[in-house]
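Okay, so chain A shows up in both of these, paired with chain B first and chain C after.
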Partner chain A sequence: MYGRKRYQLVKDFASGEKGHLKPFNSKLFDETIEECDQNHHLIQSLIRKMEQEGLDVHSNRNADHCGALVHHLSLIRNKRCLMAYVHNRADIDRDLAWRVGLELLDLPPEIQDKLTTLEKEYFKNHSVAIKSYMGKVGIELNVDMVPPKDPCIKIRAVGEIDQGIVISDKTTNFTRHSMHFLKRTDAEPYIARVTSFTCCPSPKTNKLIRPL
Partner chain B sequence: MNPFIQFRYKTEPDVDNYEPEWYSPPSSSLRHSNTPNLSILRNRATLSVTVSTAQNLPLKSRITPLPRIVQIFKKSMAKYFDIDDILTEEEFAPVLFHKPANGVTIDPSAETNSVEQGAKVELPFWLAHELHLRQAVSINLPACFDQKTRLEIQADAACVDLRSRCPNFYEFGCKLQPLVTDRTIGILLSTAFKIRYKERLTKVFTATHLTASKFLPFLTKEETNLYEAAHLSMTAFKKWRTGGPRFQRASILGRKRKES
Partner chain C sequence: MRHLNTVWAKTTITLRPNKSPQVWRRIPTRLFLFAARFSLTASETETFQRDYQQREREETDLMASNSDMGSADFESLSSTSDVELLKRAWRNEKAAPEILPYEGALVERAKGQIELVEENIEDYVKNGIDPLVVSLYQMDLDRTQFLLRSYLRVRLLKIEKFMFHILKSEEAESRLSEQEKVFARRCAEDLAKHFEESVLLKLPENYQSVLKQSL
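Up next is the complex of A and B:
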């Protein structure tokens, strides 16, 4: 049975974890587009055949018309599957911008590998739109939705981070196992992005809680 | 924790009220909030549930009347990009062709590139549905709704392996119901869901991982979504009770840690 490429493409997307990206399956994508072309050729040949026999294409419902209809429906279905694939990936792309960070380089490299160049463009444009909106409104919108108990938290850097990161008005060196007392809004993007931080709740309790 | 709930499933599907959204993905508000959400049915399954204490208003009076064509359009377009809907419609259904078709290779038993009138072919549901609308085919019941499954469901619905028959059993049945002459699919689906929900899904909160893993492979897609939603609610509740870590790696980046 022809036309299973689109099914494989959609299944490939669905087989990943919900909300997580898999690498863009350009092979299946291109094969589905090829199938669209084949369907289009077949439709044209069947319509030409009907016209050669001198039958009106719109009103006559013979076997050729039925065959052309099947190919037409298959083409529409291909289009739907391709669009759904791209649309759902774009949804995840937008979600990444909100939850992880607005800069493309803030994303971990394994995520960056899974995006195509067009998706990276989309990510950049979406980030620019978010930034300009936040600038107009005057509030940082991509922080945690739950209001905090403390404005500052204590964190400990577990892994290797670049030196000389600028946070608010001072430069901090996140050397391994160093403890810092930062504002919540500053620390959040780093915690969301990497697994290299453990965070302690307020200084009242000395319990160290590792992120999951 | 389990409010007494009555189900009403309409066996006569009219377009105004027929919206069987068996599942909806766990809302992002759950991930952000620390407050527990114990009533999973309120948020997850939006099949027509009436709580026994609710006023029993007829459903039509609560819906502001829209022109029928707009209603049909809205319902069909709402799921255009939905992956689960696309996968449901890829399930095969046997059809009987009333008109011949040339130039198509969908009939594997035909020698030429065509389908004869009166041929019985297995088509994917989306194609069968469109051809049925144009009166070119008539759809028969697929194998997952046959007599064997019905007898098994009658015997003990909670233990039937519905996923091996059809991963989107309920959604597929809902789509088939208006197109097939058989009127008993609706009752079959609703009884199966009711029994399975009562026996299996209500026990999510108390079941250990071992017992849960035994029946998880039997659940359909819709039931798995409900199960995961309940599981998420439970873990969020426990985390709220014990005061778990407030900040975590963004869930969108995946559960596995990168080995640095």
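Up next is the complex of A and C:
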């Protein structure tokens, strides 16, 4: 009865792979909120009924009071599940910001589709906070995610990429199946984008670089 | 973690910064690996080895002349060099489940030394010193930079994870640096705003608080 929808919402979130987003389930979300409203109306009506009968709300434990308690607890549970859903998605958003890039447009379009406008706002605000911290400390924290092993890496471009990408001092054309010998610091953002990309499977890929 | 340790064991390099008197690091012991990787010829490895041994002798002489120390003291001195301290702080921060006190002075010193080494490397490149040597210095610089960045990053991730708790507890807040406190407050505001807009404003009145279940 009460709670089926929030249970489905939480299950929906948990059924996705860990660390990956599913599209925001607005239908279930809105239904859960409606249920909260219903619960609240029922609580208010029950309390009014108790007050009309002249009984003190807190001390008398009659049927109405128990009913109001059940609605109250159900509402609290709903709130908790909704907040957990939003909170976990926000965790994944923050993780994306660190792994892929701080600009919203750096995210592949498949991921952008799965975020709501509110989540995109949150993503933007959070990356602004990170950028301002990095500016104050004077060190870029977004690079060097893995311990550096070699100064130069050999990479092969497996897919098609826009032409004419500027990398440090020369322009490189990442045509399909071309091998390049780049500095590690230059190649890293592209590799990061790809590893996050392949984690969210999609039928079309237009940017694939694999480090050899 | 283990991989990183062995990489470090193989590849610390001596630096002789002209300006800062305090930084000494361990002398490398596995230069052959580098020689193999960069495929030097036998004569080149010999000259390199001779250079390195001579440099080692010079340095121990310099160390001995600076202060009368035996080799045991040299060990203890190099173990408290800034890189070692940074390594220790980084390891502690990575392993600890909650945020540890901020090593402000260490971070400042590390930043200063990194800039110093960058300038040195530019000078070397201009003077046309052997590119192998330059690339070794560059790699060492990269590794130190990674340590510093990773240290700050781990702290930021912990703040993001526990932001409400840190802002509530005085003791935890005292372990942050000034900029981290600003960051924590902004993070918490952003997240609270996100919660309010997505969930809380749609709920009935008494249930709209971020931190309490209901009033």
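Descriptive notes on the structure:
The working rule: the second predicted complex is superposed on the first by the 189 of 212 C-alpha atoms of A that agree within 3 Å, B and C clash if a C-alpha of one lies under 4 Å from a C-alpha of the other, contacts with A are read in each partner's own complex, and residues count from 1 in each chain.
Operating definition for what follows: a contact is a pair of C-beta atoms (placed from the backbone, for glycine too) under 8 Å apart; a residue touches a chain by one contact, two chains touch by 3 or more.
Note that the structure is a prediction, hence the values are computed from the model and not measured.
In the superposition on chain A, A:S74 makes contact with chain B only, while chain C stays out of contact range.
In the superposed model, A:F13 lies in contact with chain B only, and not with chain C. By the touch criterion defined above, A:I92 lies against chain B but remains apart from chain C after alignment on the C-alpha atoms of chain A. Put simply, more of the residues of chain A are touched by B, taking chain B and chain C as the two choices. Touch criterion met: A:C36 reaches chain C, while chain B stays clear of it. When the two complexes are overlaid on their common chain A, residue A:A84 makes contact with chain B while staying clear of chain C. In the overlay built on the shared chain, the residue A:L55 is in contact with neither chain B nor chain C.
Judged by the touch definition given at the top, the superposed model places A:A63 against chain B, while chain C stays out of reach. Residue contacts after overlaying the shared chain place A:L104 against neither chain B nor chain C.
Applying the stated touch rule to the two superposed structures, the overlap between the chain B and chain C interfaces on chain A comprises residues 80, 83, 87, 144. Looking at the complex, you find that chain A touches chain C at residues 33, 36-37, 40, 72, 75-76, 79-80, 82-83, 86-87, 90, 94, 98, 116, 118-119, 121-122, 125-126, 129-130, 132-133, 136-141, 143-144, 147-149, 151.
Those residues of chain C that touch chain A in the complex are listed here as 3-4, 7, 111, 135, 138-139, 142-143, 145-146, 148-150, 152-153, 156-157, 160, 179-180, 182-183, 186-187, 190-191, 193-195, 197-199, 202-204, 207, 213-214. Interface residues of chain B facing chain A in the complex, by the touch rule stated above, are 25, 29, 32-34, 80-84, 86-87, 90, 99-106, 108, 114, 126-127, 130-131, 134, 136, 244-255, 257-258, 260. On the chain A side of its complex with chain B, the touching residues are 1-2, 7, 10-11, 13-14, 17-20, 42, 45-46, 61, 63-64, 66-71, 73-74, 77, 80-81, 83-84, 87-88, 92, 95-96, 99-100, 108, 110-111, 144-146, 153, 159-160, 187-188, 191-196, 199, 201, 209-212.
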